[in-house]
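Right, one structure below, let's go through it.
Note that the chains take the letters A, B, C and D in the order they are written out, and that residue 1 is the start of every chain.
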Amino acid sequence: MFDKWHEECGIFGIFRHSEAARIAYLGLYALQHRGQESAGIVSSDEQKFFVERGMGHVADIFDENTLDRLKGEIAIGHTRYSTAGDSTLKNAQPVVVTCSKGNLALCHNGNLVNAQQVRDRLEKEGSIFQGTSDTEVVLHLIARSRKPTVEESIQEALAQLTGAYCLVFMTRDKMIAVRDPKGFRPFAYGFMNGSPVVASETCAFDLIGAKFEREVEPGEMLIFSGAGSVESRQIFPPVQHSHCIFEHVYFSRPDSFVFGQEVYKSRFQLGIYLAREQPVAADIVVPIPDSGVVAGLGFARESGIPLEFGLIRNHYVGRTFIEPKQSIRNFGVRVKLNPCAHLIRGQRVVLVDDSIVRGTTSRKLIKMVRAAGAKEVHMRISCPPTISPCYYGVDTPTKRELIASSHTVEEICTYIEADSLGYLSYDGMLRACGDVEKKGYFCTACYTGKYPVAFPDGAL
Amino acid sequence: MFDKWHEECGIFGIFRHSEAARIAYLGLYALQHRGQESAGIVSSDEQKFFVERGMGHVADIFDENTLDRLKGEIAIGHTRYSTAGDSTLKNAQPVVVTCSKGNLALCHNGNLVNAQQVRDRLEKEGSIFQGTSDTEVVLHLIARSRKPTVEESIQEALAQLTGAYCLVFMTRDKMIAVRDPKGFRPFAYGFMNGSPVVASETCAFDLIGAKFEREVEPGEMLIFSGAGSVESRQIFPPVQHSHCIFEHVYFSRPDSFVFGQEVYKSRFQLGIYLAREQPVAADIVVPIPDSGVVAGLGFARESGIPLEFGLIRNHYVGRTFIEPKQSIRNFGVRVKLNPCAHLIRGQRVVLVDDSIVRGTTSRKLIKMVRAAGAKEVHMRISCPPTISPCYYGVDTPTKRELIASSHTVEEICTYIEADSLGYLSYDGMLRACGDVEKKGYFCTACYTGKYPVAFPDGAL
Amino acid sequence: MFDKWHEECGIFGIFRHSEAARIAYLGLYALQHRGQESAGIVSSDEQKFFVERGMGHVADIFDENTLDRLKGEIAIGHTRYSTAGDSTLKNAQPVVVTCSKGNLALCHNGNLVNAQQVRDRLEKEGSIFQGTSDTEVVLHLIARSRKPTVEESIQEALAQLTGAYCLVFMTRDKMIAVRDPKGFRPFAYGFMNGSPVVASETCAFDLIGAKFEREVEPGEMLIFSGAGSVESRQIFPPVQHSHCIFEHVYFSRPDSFVFGQEVYKSRFQLGIYLAREQPVAADIVVPIPDSGVVAGLGFARESGIPLEFGLIRNHYVGRTFIEPKQSIRNFGVRVKLNPCAHLIRGQRVVLVDDSIVRGTTSRKLIKMVRAAGAKEVHMRISCPPTISPCYYGVDTPTKRELIASSHTVEEICTYIEADSLGYLSYDGMLRACGDVEKKGYFCTACYTGKYPVAFPDGAL
Amino acid sequence: MFDKWHEECGIFGIFRHSEAARIAYLGLYALQHRGQESAGIVSSDEQKFFVERGMGHVADIFDENTLDRLKGEIAIGHTRYSTAGDSTLKNAQPVVVTCSKGNLALCHNGNLVNAQQVRDRLEKEGSIFQGTSDTEVVLHLIARSRKPTVEESIQEALAQLTGAYCLVFMTRDKMIAVRDPKGFRPFAYGFMNGSPVVASETCAFDLIGAKFEREVEPGEMLIFSGAGSVESRQIFPPVQHSHCIFEHVYFSRPDSFVFGQEVYKSRFQLGIYLAREQPVAADIVVPIPDSGVVAGLGFARESGIPLEFGLIRNHYVGRTFIEPKQSIRNFGVRVKLNPCAHLIRGQRVVLVDDSIVRGTTSRKLIKMVRAAGAKEVHMRISCPPTISPCYYGVDTPTKRELIASSHTVEEICTYIEADSLGYLSYDGMLRACGDVEKKGYFCTACYTGKYPVAFPDGAL
């Protein structure tokens, strides 16, 4: 699954560090896989805020000059997926505003499910909105809160909102991190030489040499203030968690530690369980790079079928790729992956991938592998069929576009022209991702259609 | 006065034209002298708004592609002076928001004097602000209005605000132009092949071949809707006008028709009256390009002293000019103006300019003219001494920086090292600009310190 | 004549100055009117050459970083007119090569008339060419010279070439300036705090505070070496000069001193003689900005008809201007010039310009002036009819396109729809430009078709 | 070895295709791993050449507009490694010149060892050089050839040159491919729907759907002309081949077929032989991504030690990476690779890489792996020690910088702080890369110091 989902966001914050903006820049660098189309950092020197935002990769947006302009010892940053055009810039993060609470900046990863309803109410009451993001709603509610402190105002605001959110706020002299009560998205907390840091994933800590302390807990608010003091408030009563299992299946980097388990370990075990549940007589296991590689390794290890990197990824594919006007066979997939014919020729091939979305890419891929000489092509997917869209922060196609929402496994197998197709079972997936004891620990709505946070009427 | 003031803004709107955005682009082109550091256009196809904004000259921001993206038959645009950096972008115009009135876009030329007071109140009531411009305040008041229509909401909002404003609003299917009751800034209204247009100055109409109808009247709201119908509402009772006389003295283009008189004519007459009031025995009249040229012509005509273009302007000076590290004599003025020594050598020279702000530039200029061989240098200014800052939309230095606020004409003459210095009288200026009958027709606060619209306590 | 000719080039060189590249940058700044589409500087620290070239204005190409990279105390620079695209870059100047003479850089203003013939011969002998400019030919001939020194090699090379050239060469430790024997183009020589400088026009010296010494003489080679020693060699025997009279009529900046006379003075006298030779009963004199302004002033002075700036120039017109799809009357000229109707209405107007090339622009202009209400429009041109193209460095249209090459003055008058048309006489032009005593001092080929340097067979 | 060598170039040509430039663009896309710092394409419509070149990735340089400008049915392209600055642009390829043979364009992959000697001679004879690349020398020799045809002139020119070269020339209506007699660099030849194509590697053919025919043979000239006719000339007598074995070890993409064998197969076998020759008691095999992955797989397969992707690559590392001022432990390697601690902790780890150059990166890497908890770290290199620089087109450090040129394996092991270090033997490498029968088939100079093509005196 090399081009199907788009990760929404990565967020990062650091408090009281002499090079706060530079560290934030590094943190965003390590989180680029969560969104590489725009990025921004805002810092505070306790008098003023300094903001730099732009379209493109972190490396394209920031240079020595822009980082030098980001003065101060507090900085928060954001990297995201977004579409082109002016409409994007107005949704760019961090969002920075002035209101009754003073200057306020916010980075948000997730999705609020009742944002539109609250927004409608706020508009009726006279609020104005610059963009279309749900993040603005959070700020309006805070601005309208009559609570005496910004912490209490945030709490009051969030009490009116439901859905998935990891938030990092910055005021002139504080940094505040909050995670939704169900803990949908990952949110790591640690220290870099004594300076507190928060990030979407632990891989950001590894790059800057920070020590992972623990996750920001679901329903927790962490308040960083003064010379580096940390206060924890449980601002929502404990509820059953709903960690996004897709972070393990696909999103997070394999070197991150997410929801209490290494992502690499989860993926490897997904491959192992997949091999056990969906065995096949074959000559080689070929993982779809990069997301299927670790599961493919697990599959190979368990099945005893040798692993081969039969599909080579072109690392230099950018967003803009100009196709020839005249059609080239299998061009769409070939520009990203090229088969090693000598490995595939005459072989019974098991392709290991992490999902089938619309089925069109799998179909082209299998056609290409067959054209390279494969005798048989068996598709194995390291999770159950994806039948429902995500409303908690993953950019999925509509239900209608998800092939598994309206087709049986057999029908999908026919459509993608595989010799066989096997998905990992629901239980297998849960077990592989560490949910052995604690049933319901994960949000699996995309596989079950059961959404752990309800939608307002008509929201879908 | 080639680098002392910065014009704030030019605005433009066109309703029901098949090439609305392209015409808006041309209109902004003709208004570049009012602000060439950023520009933007928003258009509506009655379903959606399309926005393009950027830093730099109109010509740098818009190309065929960006203009093609601006679909629809209604468009409003803005060009402005602004400083660099991210802080600017958040203040960029047109401002486009969503609120209880639906999509709303706004371009503003002028300055609201009680904006901060209203903003403080709005923040207390929970409003959030993206930037620091007073224009946001207008939109917040509209969004909060309980009036049933957008027109009434605008009226209610503006009733709470004082100061100088020409505004052009766009909703999905309407364009609304409003001018403050005192008519501080110019605001022309006309038709281009039947399509209504509004613009800061008539020179924009000339470029697009539109016919000037009349000014948007002080206190008037013009509502353009349907297939091109125009409704006029006088939303404020008539008060004495306060047209910015500085538009005639310096701001507007000489080919514009402003406040009922051609700017060229005003400047020429300023020169004539100046020659009468401040005669001098001299050999040549040298105007300071470009703003002093027409007044210089008038001075020469009246005095009989021949006009010579003794200072040649370098047309290619951009915003970024890298100076040598080692000092070069008179470099700062010479990079913009170069004297023709053969004209000046041995001559008694009258320099005609339109103002002295800090005095430093005049001092350098006179030094340079003397170095070119002038026997005497007499400075003549086509208006009275500038003693007070503008709070109605002209970017002037503080009172403290204005040399005439604390020095007599003799002291200024000594400082700038002129052989003589003469300013036009207050009455002469008024007469030259057409205010013969109607005393008080103009705002002349920068010359008198008498501000026609009061400030809230502590606003200055 | 605001858009008809394109100046070819401006060149600049400075020897032994601690900020050589920065001074070269300033020099090019002052020479932008000679070509603002590309520019380049090469410097030498006596070990290595440092080169920066780019498309666009000098201000766009150079910043602190690029100037800092241009190390060393010798620098030469070039600014030119050129068309877009890659083909241009390969013709970009300064040209920098390595050959038997070591590193060699060259800036060239002018045009060699036998370049193609020499190039054909060189190609037959095995030379390769990167671009299409005649400047490369000079370098090839130098490279092939067997003379022991670079000075002698240059002399040998130039002995094989005919036409117009001002050249400034740079070797690792020398700067060498050469002007063709007939002195077609201007070439000033002076000192900036003791450091020798050369430039196309003296206005470059004024900006940097350099003192004009004299022109580089026709046929002279100036060799700057060592700590700042200057050697002059007359490398060609004296011949009758052929200074381009069009430099006075149009090209050079009015504040430059060219061929022994101030350009401003020439233009003023052109206007005076024009008024004497081509009197007209009229109410106002309106010069075409910017090039017609000084002649217009002279015309007004001599005729006693008052001068008015009845056409206002839009200073912000860039190279890319997007026209509306729908036609706007007189749009092409109006985007650059706008008439002040109140000055023109009901008046008999004399338009003063410096040339008519194809006639199409004049025709549109007159139409526009009539539409603004002029009762009569009389066109007066401050030189004789332009009947022949220039082959010595001015980018003129072909003979066929020059309206005066095939039409009488009466026919042109009819075509441009003027009430009358009058050109200055040939003798009047010569006298105005200072050629009273020395007949033949100027090249006037564009007015006479008599070319002072012959062309190889078939060259035209 | 993720950042040690820089591949020099990739070249591509296509003849008689309706979308020649677009296909060339795709070909270069697939060859980006051979040089991603600049690229260029030149096309011919048989009348004119069209050139586009730029700095950066192929995707950054070319867009629809630039590709549309590249008209015609013949196109050749080049992608290369290069340093920043103006000096690069003058060395940019394709090189396009005009000479006695008409217009001529050239792309070159390789390095000529006697270029400087020939260049010195040419300069003495009057040639001028724009840049410093050896490619210009080829063109000068062709231009000077008296042979009647361009093919013979190329042959005569190449007869004077020694070293490594794959060349693709374009004239107005021909494409000519030539490979040096020893066949140093790979050069594939095939057909895309009947249109002949040549490319550095077969992976370019896969992307465009072309069929690989055979290699351009060492010493062969292929002449494509007319409607698509191909003529082969063996322009040099057969000599023993010297294929660069490093193309198998590191350079080429694993999905390419190079010198008669799949690169993937070679690397896998390098891993197998390495495991046999340098066995080690360990728990996991961790390959260094990306270049060590296939060899690591082979090592794991042969040794029976499980493969784990214990080092995760950050795919978003660009050329400009801003380091914090304050040091972060192991930052230099960590920005590219991050260890999965849970895989490594307490394990005996075998790291498989394809070379050690200076040793500094390996040292940091091992330090980082130990910090992640490894009990033991054993380094295994899939080729012999690199003791000598390459002079045939690979950008290697000097001999002095190559740690193996002056240190024993034991000393290197100590320096990099590994528990053990094992290199593959010379014979093992040859066998793995397919050189079983034909001894001497490969150039192995970097491992032996024995250079198959002699250098002129003093060339090193």
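Brief remarks follow.
Keep this in mind: contacts are C-beta pairs under 8 Å (C-beta built on N, C-alpha and C of every residue); 3 or more make two chains touch, one makes a residue touch a chain.
None of the values given here were measured: they were computed from a predicted structure.
Chain centres were defined as the mean of their Cα atoms; on that basis the chain farthest from chain B turns out to be D.
More inter-chain C-beta contacts link the pair A-D than the other of A-B and A-D.
Chain centres here are Cα means. That of chain B falls 61 Å from that of chain D. Centroids built from CA atoms put chain D at 36 Å from chain A. Spacing of chain A relative to chain B, judged by their CA centroids, is 49 angstrom. The set of chain A residues touching two or more other chains is empty. Touching chain pairs in this entry, ordered by label, are A-B, A-D, B-C, C-D.
Put simply, chain A touches chain B in their complex at residues 51-53, 69, 85-87, 89-90, 96-100, 104, 123-130, 132, 139-140, 143-145.
Residues 18-19, 22-23, 25-26, 29-30, 32-33, 36, 57-60, 62-64, 67, 203, 206-209, 253-255, 257, 262, 264-265, 290, 293-294, 297, 301, 306-309, 312, 314-318, 320-322, 324-326, 328-331, 334-335, 338-340, 342-343 of chain A are the ones touching chain D in the complex.
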